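Some structures are shown below for you to check.
In the two complexes that follow, chain A is the common piece, with chain B as its partner first and chain C second.
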Partner chain A sequence: MMFVHFAMKNIRAYRNRSLVTLLLTTLTTALLVFATAFMDGSHQKMLQNAVEIYPGYVQVTHQDFRDQPSLDNMIFDAKAVRQVLATTPGIAAFAARFESFVLFAGAEKAVGGMLTGIEPTAEEKLSRLASSLVSGAYLADHDGNQLYMGYELARRLKVKVGDELSFVGTGADYSFAADNLLVKGLFKTGLFEFDASAAFVSKGYFDQVMAAANYASHFIVLPANPSGADLLAAELNGRLDQQYLAESWRTTMAGLVQAMLVDSIFGYLTLAVIFIVIFFVILIYTWLTVFARMREIGVLRAVGTMPGQILQMLVTESVLLAMASVVLGGLIGGALAYYFHLHPIYFSFSEEQFKQYGLAASSMPTAFAPLVILRDMAVMFVLAVGSTLYPIIKANRVSPMEAIHHV
Partner chain B sequence: MLLQIRDLSNEECMIYTKVLAVVLFSVLVSGTPVGASPVDDIVKKVEDNLNGKTAFMQFTMVVQTKRSKRTMKMDSWSIGKDKSFIKITYPGKDSGITFLKVDKAMWQYVPRIEKTIKIPASMMLQSWMGSDFSNDDLVRESSISEDYRGVLVGEDEAEYFLDLFARPEAPVVWGRIRMHISKKYFLPTTVSYYDEEGVLVRVLDYLEIKSFGQRSYPTHWLMRPQAPEKTDHLTEITIDHAVFDEAIDEEYFSKRALKRFSQ
Partner chain C sequence: MFRVLLRIALLSLRRRLSRSLLVIAMIAMSLWGLLFMEGLYDGMTEQVIDNAIRSDSGDLSLFAREYRLDPGLERLLAEPAEIGRFLDEDSRVRSHVSRLRQDGLIATAHYSRNAVIYGVDLGAEDRHGRLASYLDAGAYDFGDKGRGALLGARLATKMKVTVGQKIVVSAQNSANDVSALSLRVVGILKTNNMALDENAVFIEMNKARELLMVPEGVSQLSVLLYNKEKVAAVQQGLRVRFPELDVLGWDELYPALRQGREMMEIFNLITSLLVFCVAGLGIFGVMLVSVLERLREFGIMLAIGTTFREIRTMVFVESFILGFSGYGGGVLLGGLTLLYFYNFGLDLTMFSAGLDAFGMDAITYALIRPSYFFTALAAVSVATLVSVLLPLRILKKARPIEAINKI
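Entry: the complex of A and B
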């Protein structure tokens, strides 16, 4: 307690020096807390967008479909899979899809794309297809040859809502499939590649023209608790026939997950470089501060103060300053993280770049995670105190006579 | 030649011998004959024999997959290697679908949607009528002599073995094609297709050579894809009837014909 008292007194006595140390550490802590919140938040947002726009949290496919997505590796008994999904607890919604690569032909030109049969009502709960509508109307379950297509695909084919176009493709039985379609609605998810190649019809109609009754390329499943997607996938694998495989988004979108991980690593490496620089700045500043007080240390030693007691006093000063800075920096960084969590940052200028990477979001909320903030504060505390230890120990080793005569 | 060398001075003789050695070494190392390549002549001859000046054929295509087996019947008309017209005649569901190939462009007409569609470049690698042939096969196959450089890699009593390498500027799918050619008929017997990484993708066997008038022609084709996911796939073409080198109406090779001859 006595050391705390002395330390407080010294902090007040060397007000300017204390203030500079306090500001430096506070700003660094706030920066770390906010940078981490922004990095985590943007990654979470990108992943959430990528998952929810179309792929979904859990997919059920034939076990070979992922490696060899051919018509030989479809789900050929969709009813059986549907039954398992309907009786498995923890599922909020599910629906079947059948994807097929076809040639779309408008009045002027033809382009290749993905025609998918979906269950429109169920699909509304599972993906953002319906909410991405920009023109016309979304599909209904009983629709016939009505098409809901990507805005960019419509632009490439030069068609609009109400126009007719045709498709030519291969049915589920490898037979020739073709029909005329009527554009019912256009969607824009923001994922450029997706909007430029995807189109949807109701699965009832699709099954009829593509000979795909009771077939599906995959089922998409929304867990009641999306963060428990892995557990639900494991549960489903225990219940489904062995020829089928349930996988969470962490597997189906492993590439994106890896990309985010790599991005995080590079983010932390950049922060580490910044903090190493800051560590040495604090170290040098503490060095100057401690050696400026060398005469005082010499006098203390001359009147019988033990080196250990001086060490404790100086370290207490450092700990008190670091603690105050870290708390203050944590509060500032945390407040910023909370604010931008509620009011995401909008990058209108980089929308095109986001599209190039297949990312729909140009508005990024920060992540507000108290435990992560506390972790960052602890890191900064250790860094701030650690950077002062060497100068303090070094100064304390100087003999009383040398210290008194120190200029 | 020896007489000429004898007439040269010793120094000139040395130079001459060195040049000759370099030329011979180049030929041996490259495996390609210098100047007009006899290998290219073989490829050209094979191509001419497969295409004929004109050809009318009726053939049956059976597409076998892991789950199904489908039979289609077609009529085809062609002039040389640049123009061909195909009409599906069976099954009834697909009857009347027509395809036109002129040079390297391809169109199809589908009666059900009453539309003529030009197959875009991006769809060229897609399966043709659900078979193991692609649209690209119909368009590019006939230009092997232009797009590939041939090297004779071996021969036995009955066959030549050629490796065909894609020319650097050629817009082709295959990195290498290994072709076995009958010495008797100058027709292919087995053609193996490798991708740019050297992986064998598919093998096409030409079997049962029969005579049609003055010409011999393989009447049974087997396309066997080699990809692990397609081990159960097989496309079989049987030539039921063929007439070569007789006049064919040029009308077949216009876009108008796609609809007109669809009936």
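Entry: the complex of A and C
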């Protein structure tokens, strides 16, 4: 307690130095807390968008489909998979899809694209297809040859809602499949590539025209708790026949997950450069203060104060300052993180870049995670105290006589 | 007189050697980090841009009017030979190459996908943008009969196609019919240009003409220059000579990359400002203490006839010795680090899936630009100069002669 008392007095006595240290550590802590919240928040948002627009949290496919995505590796008993999914707890919704690549031909143009049979009502809960409607109408389960297509694909084919176009493709039985389609609605997800190549019909119609009854290229599953997608995938792998494989978005979108990791690494690299300078400055200021008190330290040593006690006194000062700073910095950074969590930051200037990388997100909320904030504060506390140790230990090693005569 | 002042300044710095070394180390470390970061990040950005320029856009590309908005065989450059002759006569032009392009479909026996078919001359492409250097597997040769095809790496991965396998490409021809061509995959190209890697099927130009029923004309003419600074002038010349065409720079064709470069410049500027402000604070603290602890010394100097201007010069000399020593150390460390990564690159192969998602190379080579060192010199000079202004003001107000009488 005595050391705390001395430390408080010394902090007050060297007000300017204390203020600079307090300010620097506070700013650094706030910067780290906010930068982490921003990086985590933007990555979560990008991944969430990428997952929710179309691919979904959990996919069930034939086990060889990822390595060999051929018509031989489809799900040929969709009913059996459906039964397992219907009886597995923790699933909020699921639906079958059948993806196929075809050549679309309008009156003037022909363009290759993805034609997928979906279950429109179930799909509404699983992806953002329905909510991305920009003109016309979304599909209904009983629809026939009605097409719901990407806005950019429609633009490339020069068709609009109500127009007719045809497609040529391969049926599930390798037969030649072709039909005329009527454009029912257009969607715009913001993912340029997707909007320029994807089109959907109801699965009932698709099964007829592509000879795909009871077939599916994959099932899409929405967990009741999306953060538990990995657990649900593992649970499904235990319940499904061995020829099927359930994978969470972390596996199906491994490239994007790793991209976010790389982005975080470079973000922390930049922060590290800034922090090195800041902690050098704290070290220098501690050095200046400690050596300015060299004679005082010498006198204390001369009257019998043990080096350990002086060390304790100086370290207590540094701990108190660091503690006050990280709490203040944590509060500032946390408040900013909370504010921008509720009011996401809008990056209109980088919209093109986001589009190119298929991230479809120009407004980024920060992540507000109290545990992560506490972790960052603890890291900063250790660094702040650590950067003051060298001058404190060095000053404590000087002999009392040398210290008294220090100029 | 200056030599005397320089000597006194040096002696003062030597008297507080550890403190002086700390400040020098702080500046050196911050510069080292900044140079490394700037060189590496710029290297990343420029590599992505370079890939786009070499593999697709060139420094400039010529298209038929509005082809970019509505690409199709009805919008071709009708007289590529005439444009070629004009470009050949321009000494600023290094090379140019023509391509025929059409959206279509690629299919194997089991699977199909949308694709973009490029009719190219491989020899000309290699002389132009070193396309062969992007070869990831197989051979850079369409074969004697021209029945080979080169595929973008991501397209090949998605199709699960390897070298030697047969594919069928189909597309709408100039008569608005769908025509198809059977080819064998001879090579896989990994350009890290996402649009090409994701969709491109390169086939021999004459085969493309047969497939698309286009006996003459091309979709795009890509131009590379010797000197990037001449792009605007050459672009203007081409626009005047060929007013009926669209002459677009790489930054107009890839606005996302231009945005990325601009964002990186802003990001580097903010980081540098932050670092130099904090570093300036460190120098300020040391110079302030250095001035205040020598008030009596300055008082005596003034009393024996030294002018305040000479003392001010001495303080400036001290701070510039600190600043420039730090600059020297930082430039040496940073320069050597950049030189290493310029020659050997930073190998991030373990994150290649993530880097692929951003269209980046797994090995990033740092850039070394003279501007890094000049900017750093200017920043260190300004930080050093500004950080002694307040201590000098305090010194002037403190009336050092009165300080002689103080204990």
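In the analysis below, the second predicted complex is superposed on the first by the 407 of 407 C-alpha atoms of A that agree within 3 Å, B and C clash if a C-alpha of one lies under 4 Å from a C-alpha of the other, contacts with A are read in each partner's own complex, and residues count from 1 in each chain.
The rule is simple: contacts are C-beta pairs under 8 Å (C-beta built on N, C-alpha and C of every residue); 3 or more make two chains touch, one makes a residue touch a chain.
On a predicted model such as this, the values are computed, not experimentally measured, just so you know.
Asks: Should the superposition on chain A be reported as showing a clash between chain B and chain C, or a fit?
Replies: Clash: chain B and chain C overlap once superposed on chain A.
Asks: Scan A:Ser166 for contacts with chain B and chain C and give back first, second, both or neither.
Replies: Only chain B; A:Ser166 stays clear of chain C.
Asks: Pick one for A:Leu288: touches chain B only (first), chain C only (second), both, or neither.
Replies: second
Asks: Does the superposition put A:Ser131 against chain B (first), chain C (second), both, or neither?
Replies: neither
Asks: Using the touch criterion from the header, give the chain among chain B and chain C with more contacted residues in chain A.
Replies: After superposing on chain A, more of chain A is contacted by C.
Asks: On the A-aligned overlay, A:Ala178 touches which partner chain: chain B = first, chain C = second, or both, or neither?
Replies: first
Asks: Which partner chains sit in contact with A:Gln243 here, chain B, chain C, both or neither? Use first/second/both/neither.
Replies: Neither partner.
Asks: Taking the superposition on A as described, I'd like to know which of chain B and chain C A:Leu269 touches: first, second, both or neither.
Replies: A:Leu269 contacts chain C only, not chain B.
Asks: Just checking: does A:Glu193 make contact with chain B only, chain C only, both, or neither of them? Give me first, second, both or neither.
Replies: So A:Glu193 only meets chain C here.
Asks: Which partner chains sit in contact with A:Ser399 here, chain B, chain C, both or neither? Use first/second/both/neither.
Replies: neither
Asks: Name the contact category of A:Leu103: first (chain B only), second (chain C only), both, or neither.
Replies: The answer is both, since A:Leu103 touches chain B and chain C.
Asks: Could you point to the stretch of chain B, among 7-15, 115-123 or 151-159, that collides with chain C in the superposition?
Replies: 115-123
Asks: Intersection of chain A residues contacting chain B with those contacting chain C?
Replies: Shared contact residues on chain A: 67-68, 70-72, 101, 103, 105, 109-112, 168, 170.
Asks: Chain C touches which residues of chain A in the complex?
Replies: Against chain C, chain A makes touches at 20, 24, 67-72, 100-103, 105, 108-114, 156, 158, 168-170, 193, 197, 254-262, 265-266, 269-270, 272-274, 276-278, 280-281, 283-285, 287-288, 291-292, 349-350, 352-353, 355-357, 394.
Asks: Enumerate the contact residues on chain B facing chain A in the complex.
Replies: 63, 65-68, 70, 93-94, 97, 108, 110, 112-113, 115, 117-120, 122-123, 126-127, 129-130, 228-230, 232
Asks: Across the complex, what residues on chain A touch chain B?
Replies: Counting only chain A, the residues touching chain B are 64, 67-68, 70-73, 101, 103, 105, 109-112, 166, 168, 170-171, 173-176, 178-180.
Asks: In the complex, go through chain C and note every residue touching chain A.
Replies: It comes out as residues 18-19, 22-23, 25-26, 29-30, 33-34, 36-37, 41, 70-72, 103-115, 158-160, 170-172, 176, 178, 194, 198, 255-256, 259-260, 262-263, 267, 271, 274-275, 278-279, 281-282, 285-286, 289, 293, 348, 351, 353-359.
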